[in-house]
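What follows is a set of structures for review.
Consider the two complexes below, in which chain A is the common component and chain B and chain C are the respective partners.
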Partner chain A sequence: MSLEIKNLKVYYQTLRGQVKALDDISFKINDGDILGLAGESGCGKSTFSNSLILLKAPMKYIGGEVFLDGKKLPVENYEKMKEKRYKDISIIPQYALNAMNPTVKIGKYIHDVFAYKNFSYKGVDNELKRRLKIVGLDEGILNMYPIELSGGMKQRMVMVIATLMNPSLLIADEITSALDVSTQKAVSKMLVEFRDKKFVKSIIFVTHDVSVLYQIADKILIMYAGKFAEIGPAEKIIHNPRHVYTKLLVKAMPEVGIKFSDTPLTGIPGHPPLLIDPPEGCRFIDRCPEKMKECVKEPPVIKVGEDHYVACWKEVKKNA
Partner chain B sequence: MLEATNLTKEFKVGSFGRGVFKAVNKASFKIDNKDIVSLIGESGSGKTTIGRMILKLTQISGGQIKYNGKDVSDIKNKNLKEYYRKVQGVFQDPFSTFNPIFKADRIFKMVKNEFYPALSNKEWEKKLDDSLKSVGLNPKEVLNKYPHQLSGGQLQRFLIARALLIDVELLIADEIISMLDASTRIDVLNLLAMLKEKGLSVLFITHDLSLGYYISNKAIILYRGVIVEMGPTDKVFFNPVHSYTQSLLDSVPRLDMKWDEIPKRKKTYTDIVSYIPGMSKRELKMTEIEENHFVAIE
Partner chain C sequence: MGKYFRRKIIIYLITFFVAVTIDWLIPRFMPGDPINALVGRLSNYPQATQVAYSNLQRAFGLNIPLWDQYLNFWKSLFQGDLGISITIFPKPVFEIIAEALPYDLLLMVPAILASYFFGNKFGAFAAKKKKLDNWVLPIWYMLTATPYLWLAILLAWAFGVVLNIFPIAGAYSFSLTPSFSFDFVFDLLKHWVLPFLSLFIVQLGGWAIGMRNMIIYELDADYSKYLETMGVPEKLIRKYAYKNASLPQITGLAVQLGIIITGAITTEIVFSYPGLGHILNKAILQEDFFLIQGCFLFIIIMVLVANFIIDIVYVLRDPRVRHSIGGEM
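Coming up: the complex of A and B.
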């Protein structure tokens, strides 16, 4: 078991009250898994990935536990997390394209990171060059400024830096969203290669694009309005989803081969609830076309297949 | 209705503008009545520049754009308003297009003052209601609200409604759904396709191939400012000839097949070299390889 999340709750403290951005999330991922995390904007996916690595105000830890490789991860303690960050758990942030210091050369920047962390740079020098080769970058890049690189090159560079200490868990937050299709493919495949080469043990890949997840993820977790909706093997989530929201979400994905004139797709009417005062029970209730009277109560998480869990009253009824 | 011939845009680069960067290089294409044309390209391929040139937001460096037979760059002063009555643009970011301190009504009021000063208030309100309803918005819900009170999908539809108010014929839609969520973007797309039935033409600028395929009947593939392939959507997507189009299509994440399972494409036309515009001195010619399907070949 590489990562286990138990009832994690993280809220945002605002003047008008608490925004329940991450409400009672629990799941597990195995060693070597790539977990895809998908959902609409504002569903809490970035809150989740940030809370694992840097939980700072206005984020507020409310409860829950995180275990990494069997050891408790002190997410709520900023100081204690310092020694875990980068070494055990690392992130490629959403803004990776401007993550590097623009005023120093990339090689110097890596030195700086290592000096700050009190790690020895000498030991990794050769490894760094080897990995640059793997992602198709030249050694000379270390003597360049970030501005001299293209978007895809920067993304690959940040990927190499983030995984240099062989962290147990890597979080990739929307890393392909700003890239073109061909670069997107290259970067995603590299991430899989990093996992295969054991540079990282497991990966959480956060995105709003379900079709990319189908390409690289082993498991997919769907979130809705800060709540857990469904988790399961990628194949199952795409081709046999159980939660009503997942079904609608997958159906709304346009694909090459689907035309408006032949098979018009439908979106999901309405928009997600405000998380400052979310509805009781299932949070999808206002937009759900198949809602029942039970839906005003909190749906339990039930098992519907191997490694496939869902929180939807419809499934509870079906299996009862 | 719109015809571009050898459309070129050059930007001066380098110190004192000594270098020349061709953002768009001799692009020729046509948009007919009731066409939805998707203009597909990666970032920096010049797709937005083409849209801006049609909207007269950027000057043309070479070639020309003809709208209903008239050269667009000759349209000036009074005629410009007439032109904008027919051709309108909607852009990527709906959140920053609106003035945040104006209520929605005021935005529409500006349209009235500008284009329909003679119309009575009652007639105007009816027109406004119709146009909002045609984009699927409830006028009572959205008028009298500030932009921050509306969602991205609502704002984007607002912009389309505003364009429709003035009997627009051609809509330049520049990445209009890239900022929207998967669950709402499809509604905006469907709206465009429905408006097409009513006689609207759309230039749909996007980097997302599946969205382009979904609504357009013609596709133009742009690479470094050069049109490498264009034609009816089905022909371009299912019988791509240029190696760039092929590699682009093979990179699209699909839900029915993984990247590794995609079969290698057979080279159908062996004389097509993988040509990198700007790197090579060779001239390309648009060649019709089947009906209406053009490919840039040496």
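Coming up: the complex of A and C.
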């Protein structure tokens, strides 16, 4: 059991009230899993990944627990988390291209980080050089400034830095969003390789691009408006989605061989609700084409298959 | 790298040429005539006045066409000859300036360095303490907006007249002759404190504000955020932020230098401190062309040299600049 989230609730404190950006999320992933986390903008993806590693104002911990490798992760305690960050749980941030200090040579930068964290740099020196080779970077890069690197090189460099301590959990936050399609594929493949080589135990891959997930994720978690919608093996989510929202989301993906003139791509009409005052019950209710009278009540999470859970009243009815 | 500096030097030479030309023009556009003022003392003897006037005009080279005067000026400049002062006749301008310059350096170099150093430190310190910041920021804004000479007058009044701790005029007591004795150096320091303070305090505010804003900006930058998600102690985040924030401050120093020197000039006038400012003031009042030119020439040289040093420091400190001007050094 690598990562287990139990009823995690994180809100944003604003002057107008609490924004319920992450409301009662629970799931588990196993060692070696790559979990893809998908959803529209503002569904709570980033809030979720940030709350695991850097929970600070205006984010506010409301409740829930996080277990990493069977041990409780003190996410609500900023200071206590300091020693967990980077060592046990690490992140490749959305802004990976600007993540390194522009005025310090990369080698010196890694040295500094290790020295200030009281890690021994000597122990990882060889490993660092080995991993640079794996991602196709030259050793000489350590003697360069980040400005001398291309975007793709920076991304790979940050990837190596983030995983240097072999963390149990790596969060990859929208790391492919700023890249072109071919680089996207290379970066995603590298992540899989890192997992296979056991540089990281498991990965949470956050993206709004479901098609990227299909290539690399073992499991996919779909969130909607801060709520859990569906989690299951990647194959199942893509080919046999159960939640109405997931179905629409998958349908919005372009497919090879299908002409736009024959079957135009459809989006999901409407917008996600404002999370300061979300609707009662299922939060997708306003946009759901198949809503029923039960939907005004909170949908329970039910098991619909091996490792496949969904929170949708339609499934509850079907299985009743 | 070499190309960058060659280009810089050419730009500095052009600037020097234009500035010196303007320097030569300014006194000549001033109303009045210095020789007239000089021979004015002989007004009781009209004939003698005329002879003296034409003789002096010739002696100072002011009887030939302006264009020739200009060429002569450049010629003698390259020979290190800045002309003879009209008011402190017949002392060469170069000598007068050479005597005054040490006082300027004594005043300005410590004031610039100390205000830069402490201003940046205080600014960075305040940036992380919100309460303190709310308190001191308005004070800094007030300081930086204060005219040098006004603060100088206030200081002279408070510490010189009311409290009577520090002398308010001159660089040393007239009863002493310059020497390396303890008495003289102590006396020199006592005279130095107030002019130094008036320069130091005003500049301090500017540097502190600049640093405070830059630190806040840098602490919000992505690389700072990433260090935070790595759980790196705040000390390293601050260290990086301080270094990166100090880079624009160095540029600021280059921009500020001209203003600081003007400030030094007015301060010297208030305290009758015998530096360039004091002499320049006298020279302007008495229309001493050569002395005015000489003073401005040195101010021009000081600003240009200081800017050039800052250019070099900047290249050494910021790899991004080094990178953009053509590779590693």
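Everything that follows uses one rule, which is that the second predicted complex is superposed on the first by the 319 of 320 C-alpha atoms of A that agree within 3 Å, B and C clash if a C-alpha of one lies under 4 Å from a C-alpha of the other, contacts with A are read in each partner's own complex, and residues count from 1 in each chain.
Please note the rule applied: a residue touches a chain if its C-beta (ideal position, glycine included) is under 8 Å from a C-beta of that chain, and two chains touch if they have at least 3 such contacts.
Note that this is a predicted model, so its numbers are computed, not measured.
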| item | value |
| --- | --- |
| Superposition on chain A - do chain B and chain C clash or fit | fit |
| First (chain B), second (chain C), both or neither touched by A:V181 | first |
| Degrees between the directions from chain A toward chain B and toward chain C, using C-alpha centres, nearest 10 | 70 |
| A:K129 touches, of chain B and chain C: first, second, both or neither? | neither |
| First (chain B), second (chain C), both or neither touched by A:L54 | second |
| Dominant toucher of chain A (residue count), chain B or chain C | B |
| Contacts of A:T103 with chain B and chain C, given as first, second, both or neither | second |
| Partner chain(s) touched by A:M253 [first = chain B, second = chain C, both, neither] | first |
| Chain B versus chain C as contact partner of A:K80, first or second or both or neither | neither |
| Minimal inter-chain CA distance - chain C and chain B, angstrom | 7 |
| Footprint of chain A on chain B - complex, ascending | 42-43, 151, 153, 181-187, 189-190, 193, 207-211, 213-215, 233, 237, 247-249, 251-256, 258-259 |
| Contact footprint of chain A on chain C as seen in their complex | 221-223, 225-233, 235-236, 240, 243-244, 247, 317-320, 323 |
| Complex contacts: residues of chain A adjacent to chain C | 53-54, 81-87, 90-91, 93, 95, 98-105, 112-113, 116-117, 145, 147-148 |
| Touching residues on chain A, where the partner in the complex is chain B | 40-41, 151, 180-182, 184-185, 189, 208-212, 214-215, 238, 248-250, 252-261, 264-269, 271 |
